[in-house]
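In the part that follows, the structures are each spelled out as structure tokens.
One chain, chain A, links the two complexes that follow: it is found with chain B in the first and with chain C in the second.
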Partner chain A sequence: MSRIAKEYGDIQKTLASNDPIVNPYQGLIESLNPIDETDLSKWEAIIIGPTHTPYEHYRFRILIDVPSSYPMAPPNIRFDRNNILHCNIKSPTGEICLDILKPEDWTPVWDLLHCVHAIWRLLKEPVYDSPLDVDMGNIIRCGDTGAYQGIIRYFLAERDRNICR
Partner chain B sequence: MSTYEEEHGIQQNSTQEMRETSREEQRRQIRSQLQGLFQGSANTSGGGNGYSDSTLLLQLLSQLLPESLQEEWLQEMDKGKNTGCPDSFAASLPRINRKKLNSTDNCSICYTNYLEDEYPLVVELPHCNHRFDLECLSVWLSRSTTCPLCRDDVMGHRIINDIDTNEAELEEDWGMYG
Partner chain C sequence: MEECPICLADDQGDERFGCLDICKHKFHLNCIREWHKYSIDLKCPICRIESSHLLVGEGQHAVSINLKMGFMIKNTIDYAGVEAIDTGNEEAEEEEEQEVDVLSERFQDRLAIDTIKVIQCGVCGDTDASRLNLYCQYCELTYHETCLRGLACEVGERTTWHECADCRSRELLELHLGSNEGQIARYDSRSCIILGGKVRSKHSVRTQQMYERIRNAKRSIQAHVRRALDQYPLPLLLFRKTYKHVNKQVSRKLYRLSDNTYMPDQYDYDSLARSGVHTELSLCYHIE
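On to the complex of A and B.
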């Protein structure tokens, strides 16, 4: 059985559990499944915005491409387009700047749950010194946390207003 | 120089010939451009437009190489950036006896229990002592030189060992000719 098929079984078991020891992702990762059950190369995840951040009470969809060389090469992960604002995410494409997802920093012992969890943590703790969204990076580097969070809140409110229309 | 077709006595059809001649024409053009460039640079040696000349030269040179070859070379260069260990390295690692494996031990690369296999081939890395399936680890070490679990540079310890043995050999030689 291939590694990704094994992971699929483990992920289902983990996320279905209510035991916090088995499922430490409760309240963090809502779901992680292949988009089409017959194709384990394309996955999607829904993560829940961390508390005490502007992302709180919002949900975010993450798209995952698993290359044929996985787990020797990292999965390719991005957010939905124009779905989130964050200094390490290029909003128009959803591209994420996260070290563990780069080929030179990746190791095959990590799995999809680790990656999605790392992205959830990135929402909680933005990395100011390697911004992919330069404007957002500049605001936060000036120390204007209020403005940074305000822009994100405004963006997300607009996002959901547009979806509801 | 004779072409492949000539050497093997293969008849070229007319379209191929057409292509050959147009390619020949293209080559001639590039050759004359190159010639002009060299003469030009010789005349204006030490001139201010050295930079633009060299980019033009590179462009011309890249035209001389078929595209498929260019791509291949670029890929080769990328491979060179993150080379792994030599193939023999993974095979030279100490194997772990089946009796020393616990029923719960998994390979962290393929997530498979070692004992699911009747004859598991498990190896241990030097220094950090992390264990993996030989098959999984050798694929990883063909692209990297670090332990998947702790990022320990597996080749680092290897080099120290090599130096030690070399020195021992040197001393032996000194003894012989002493």
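On to the complex of A and C.
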């Protein structure tokens, strides 16, 4: 059985559990599934915005491409287009700047759950000194946390208003 | 049941595990080797501690795989590939020159360039191999005789010119590389050595040494057989053909006894030869 198929079984078991020791991702990761059951190279995950951040109460969809060389090469992960605002994420493409997803820092012992969890943590703790969204990076580096969070709240409220329409 | 952290499979022992020598983390041999084709360093995928060896098996049958060697070759191939691509596009060469420099820098410490030795004079640095005629076997340095003489004159020790300028060994060997038409002579010290004034592959030297060892062993054994034949109660020398035949047969038997080595403290070659000669002779006369 290939590694990704094996992971699929483990992920289902983990996320289905209510035991916080088996499933430490309760309240963080809502789901992590292949988009099409017959194709394990394309996955989607829904994560829940961390509390005490502007992302609280919002849900975010993450798209994952698993290359054929996985787990030797890292999975390709991005958010939906124009779906989130964050100093380490390029909003129009959903591209994420996270060191462990780069080939030089990736290691094959990490799995998809680790990656999605790492992205959840990135929402909680932005990395100011390597911004992908330069404008957002500049605001937060000036120390104006209020403005940074305000813009994100406004963006997310607008996002959901557009979806409702 | 052990599980490989890379493929997550906990199969029933049809895959062998290897263990990194520093951190002792275990992976399937094939999984960790495959990972090293992708990784940029030899750090453990779990703890990021670097290991240069992979241990396979346990106890007496344990094997230690040198990861550095394979990794160096991989990087050299990667580097060669990068170079080939960059030099392929000559029009944009100038722009790319900088890039290549950065790349060479990045790869420099990983390339094994220092093991390739250029043959040049240890005093003047001349690389014309045809005029270099002295060689220090300890420092692997070559010299012009004239340069060494000149150096000795300059420091006022005219009589002691015949020594290595580096380690002061007086056992300089003569070197005969011959002309190689203006090309710089070089050799790879991993696979070649200078022996008897010639650059030779280590493999050929080993073969020669083995051949010489076997020849010497055979010669020593033959001496015993010949003595046994000469001391035989019958004057065998009268029958040259028989003498040669018996000599050959008995010697061969004795070579096989100790796998072509001469071990006088383990075998009593004299009595073995005597009894061998006796059986062989009785066989001969029986047939005739």
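Some points to look at:
As a convention for this text, the second predicted complex is superposed on the first by the 165 of 165 C-alpha atoms of A that agree within 3 Å, B and C clash if a C-alpha of one lies under 4 Å from a C-alpha of the other, contacts with A are read in each partner's own complex, and residues count from 1 in each chain.
Operating definition for what follows: contacts are C-beta pairs under 8 Å (C-beta built on N, C-alpha and C of every residue); 3 or more make two chains touch, one makes a residue touch a chain.
Worth saying up front: this structure is predicted, and the values here are computed from it rather than measured.
Three-chain overlay on chain A, with chain B and chain C in a clash.
Look at A:16: by the touch rule set out above, it reaches neither chain B nor chain C.
In the superposition on chain A, A:109 makes contact with both chain B and chain C.
Of the two partner chains placed by superposition, chain B and chain C are both touched by A:72.
When both complexes are overlaid on chain A, the residue A:7 reaches chain B and chain C alike. Of all the stretches 8-16, 26-34, 134-142 or 170-178 given for chain B, the clashing one with respect to chain C is 134-142. Taken together, the two complexes place residues 1, 3, 6-7, 10, 71-72, 103-104, 107-109, 111 of chain A in contact with chain B and also with chain C. For chain B in complex with chain A, the residues that touch the partner chain are 82, 108-112, 136, 139-140, 143, 146, 148-149, 151.
Against chain A, the residues of chain C that register as touching in their complex are 5-9, 31, 34-35, 37-40, 45-46, 48. The part of chain A that touches chain C in the complex is made up of residues 1, 3, 6-7, 10, 69, 71-73, 103-104, 107-109, 111.
Across the complex, chain B is touched by residues 1, 3, 6-7, 10, 71-72, 103-104, 107-109, 111 of chain A.
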